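The following pair of complexes shares a single chain, chain A, combined with chain B in the former and chain C in the latter.
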Partner chain A sequence: MYFFKLISTLFKVNVQMAVAYRADALVNILLNIMWLGWELLGLSIIFSNTDTLGGWGFGELIALLGVFRIVHTMMMTLVWPNTEKFNQSIRDGSMDYTILQPVSSMFLVTFSRINIWRTWDLVLSIVLIVIGVNLAGEVATPLSILNFILLTLSGAVVIYSLWIVMIAFTFYFTKFDNNVTILQALLDSGRYPVSVYPPWLQVIVTFIIPIAVATTIPVQGLRQELGTPQVLMFAVIAAVSFLVASLFWKAGLKRYSGASS
Partner chain B sequence: MPAIFKRLWQVNWAEQWQYRANLIMYILYWLVSPIIYLAVWTSIATANGNVSGLTANDFITYYMILLIVDQLTSNIIIHIFAYKVQDGTLSGELIKPIHPMLTSTLVNDIAFKTLNLIVLTPIWIVLVLLFKPQFDSVSISGILLSIPAILLGYMINYLLSGTITSLAFWTTRVYSIHEFYYALILLFAGQFVPLQLMPEVIQNIARFLPFQLFMYLPIQIIQGKLPTNAIVQGYITGILWFAVALMVFRLVWREGVKRYSAVGA
Partner chain C sequence: MSPTIIVEQLSKTYKVPEREGGFGAAVRSFFKRRYKDVKAVQEVSFSIAQGEVVGFLGPNGAGKTTTLKMLSGLLHPTGGKANVLGFTPWELKTDYLRSMTLVMGQRNRLSWDIPAADSFLLAQAIYRIPDDEYRKTYKELDELLELAPLMKKPVRNLSLGERMKCEIAAGLLHRPKVLFLDEPTIGLDISGQARIREFLREYNRRTGATILLTSHYMADVTALCERIIIIHQGQLKYDGGIGNLSRRIAPFKLIGVMLAKSNGFDLSRYGEPVQNEEDAEKHYIRVKAGDVTKVTSRMLSDLPIHDITITDPPIEDVIERAFNE
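So, the complex of A and B:
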């Protein structure tokens, strides 16, 4: 409860900051719609030249686009803005004030900036998923929907944990400004099923920077390609990676010594 | 004038060298989307035998050449110039008797490009080993014939980006406008897919736009895939667009500088 209260307070603060830039918001929403249109056009161009992509049909790709946009929204609303703030706070030492708060520093570093205008994208993503599933003509059973939700959450947690580890490296190498570039760069690979990539790239986006775990795998759950044990395995992986990330964060925090000392 | 450019080159070359670590990250970042498109289209071509006559190898060579052509024709003006208008550092450059956008910014961009190509070369070779393209259709004459197209593409892109960057004199939202311009390039330059696979409508529009000179046209010329009349038509369109872009740029720049008043003035 305590954390929900904190999040809602931080949310309010960010709304207040965001309404000062209404025109920017409008421009961003328009650009966002343009990119969505572009993505749909891209898919229709692909499917005017083929029936399946990596074994998946048009509807499945739309559903995948929806899942991808959920992850993308998480990055746009929380991860990238907070990375920027975090890197700045390590450079100028304002991290001091974050650590002094009587709340988990990892929590504050995650939620202090919220890009409010991006949150509506979640609705769009869910609409895409529903349309995609209907187009694919798969009878999504209650179980497969449950699996899908569980896998989406697990995937998001895995990506989030990776992000925590990446920014925690900044405690060791202060000048490490490019701490998340590799994640930013590879994120786009989540638009397509991982099976279209050459083996070496599949290994990278499945095991090293596991974008596929958050995009391809949930849609596989929806397609009922994964059994309950596998779904549970991904939930366990998510829990373990979160644990490892928190430990890594704590260890990194011990290295922090302010900007001038 | 040559002496000025020589000195500008020395300064900007040295400046770009400071950021070599960032540069490698930038290149990796920039590489991902062409590689994704390459993978997507290669997988489709492999699954179906070919896509409207294009084989998997055609896609691989297309994108491998694209990596180099895109480096050559793109620019970073928006990133190295727009902020100067916003924070007022442009004042110092305006006093100098040389055009800020067409001299120091240009040289800075070329220095950046040169360093990028040096960093890209080993990565490109690794990618060639990974994807194993057969460059059978590439000929010396094709490469020579593409050089003017690449130059023209670079100049048009530079002037159009310069025009958009100059809008910073009017609005702070110049980055959003540039994002829109970038989407047009993605659509009409042949980055997402070789243009001949686009719907007929888009192909017909693309033929009259300058964007195909940024990627599609030079790549196709290098691959020897274009008949002479298409090459001639591409060059004529390019030259016309160059004239238009130059005129628009000069106009927008002149009006913009008139409006400019530095922070604190």
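So, the complex of A and C:
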């Protein structure tokens, strides 16, 4: 309850920051639509030459694009703006104040900036998923939808945990501005099913930087390719990675010694 | 009643990477880094009772900020113990964080892009301050600091003095029992400093809060604190009443003059010449506080003076001098 109230306050504060820049809002929304058109065009060009990609049809890839956009939205609304704020607060020392707030600093670092114009991407993503599933001629059952939601959440938590670990490295090295570049670089791989990539890259995007966990796998859940034990396994993986990230964050805080002595 | 702040043998040693200047040394240090131990705070002990206002003084790099950071919980000490309100600060217990505040004059707590009012509401949510209590505290702070006209403007549009008022108020919304203030008046003009000072005195009187503050300005300390603690090179050098200290080490004033013709005059006839880097246009001399009137009138009659000022020596110089002599 407390955290929901906090998030809603943070959201309000960010809305106020955002409405100060109206042109920014319009540009953001237009850019989103252009990117979406561009991506759909890319897919239709690929499918004018072939019927399947790594065993996936056109509709399925559109659904995958939808899921990819969900992760992308998380990155755009929370991860990038808060990374920027985090790096800045390490440099100017305002991190000190964040640590001394009587609330989890990891929570504050995650939610203090919310790029609210990007949240509407979620609507686009869900529309894409619904269209994709329909095009693929698949029937979504309540169970497959539940699996899908659970897997999407698990995937998001895994990526989020990875982000926390990456920015927590800053506590150890002080200067580590490119802390999330690798995440950004690999994230793009998520727009295609993991099966199209060569085995070595599959290993990387599944286990090391598990972008696939957040994109390919939820769609597999929607296609009812995964059993309940597998779905639960991914939920457990998410919980464990969150725990590891929290511990790593705490250890990092201990190392932190402020911008000046 | 046991003291609010108890510090025993508190020490902090930093490991600082060290290298010679030059390209070769830079490359070598990339592969093999040498560290030097810097003892920022060495076995400092003191205790402060509830409601006391204590000035924490020392030259730059003496270890003041490091001590404040340990007491607020930001830094883990390398040795010793501290107890504030019954808590060990660096355990960062929520109940501790809710009952103390750290205000640093050179850091920003408030978001630059939004009005302070919005940052205040966020603080209210974070500290779980009930609405009626929040209104009461805000009203009181507004009364003392005249916040109302500042609350609606984005913080980046405020002047330094206005911003500092908001920063301090933001740190006090949860009615902390202990205040750690690191240079709360830095960079403010004289009237701005006086207002913050007046506020702190009144706040202490009304709430009985315990205050430990560092400042560069002698006036801050003499106006607010009956007791001062001085550290120098990480070691405690003085802990006691302020009256004794100024008698002991600061019975001097600085006289600064701007001359119509700058050379050819020997100011050492009037007092000991001193360098003042902040104001290179003037020539400064140090004289005994009791001699100021006499010396000033002599200088005014002897020299082609454009402008003359009489000031307290910067506190850092006083302390530096006291412990080097």
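Note that the second predicted complex is superposed on the first by the 261 of 261 C-alpha atoms of A that agree within 3 Å, B and C clash if a C-alpha of one lies under 4 Å from a C-alpha of the other, contacts with A are read in each partner's own complex, and residues count from 1 in each chain.
By definition in this document, contacts are C-beta pairs under 8 Å (C-beta built on N, C-alpha and C of every residue); 3 or more make two chains touch, one makes a residue touch a chain.
Treat the numbers as computed from the prediction; the structure is a model and nothing was measured.
With both structures placed on the common chain, the touch criterion links A:52 to chain B but leaves chain C unconnected.
Contacts of A:101 after superposition: chain C is touched, whereas chain B is not reached.
Once the two complexes are laid over each other on the shared chain, residue contacts for A:251 go to neither chain B nor chain C. Look at A:189: by the touch rule set out above, it reaches chain B but stays clear of chain C. In the superposition on chain A, A:93 makes contact with chain C only, while chain B stays out of contact range.
Of the two partner chains, chain C is the only one that A:10 touches; chain B does not reach it. Touched residues of chain A, counted separately for chain B and chain C, are more numerous for B.
Of the two partner chains, neither chain B nor chain C is touched by A:33. Chain A meets chain B in the complex at residues 23-24, 27-28, 31, 34-35, 38, 41-42, 45-46, 48-50, 52-54, 177-178, 181-182, 184-186, 188-189, 191-192, 195-198, 200-201. In the complex of the two chains, the chain A residues touching chain C come out as 2, 5-6, 9-10, 12-13, 16-17, 20, 92-94, 96-97, 99-103, 108, 254, 256-258, 260-261.
Partner chain A is touched in their complex by these residues of chain B: 21-22, 25, 28-29, 31-33, 35-36, 39-40, 43-44, 47-48, 51-52, 130-131, 173, 176, 179-180, 183, 186-187, 192-193, 197-199.
Note for the complex: chain C touches chain A at residues 14, 38, 40, 65-66, 69, 72-76, 92, 94-95, 97-98, 102, 104, 106-109, 111, 113-114, 118-119, 121-122, 125-128, 154.
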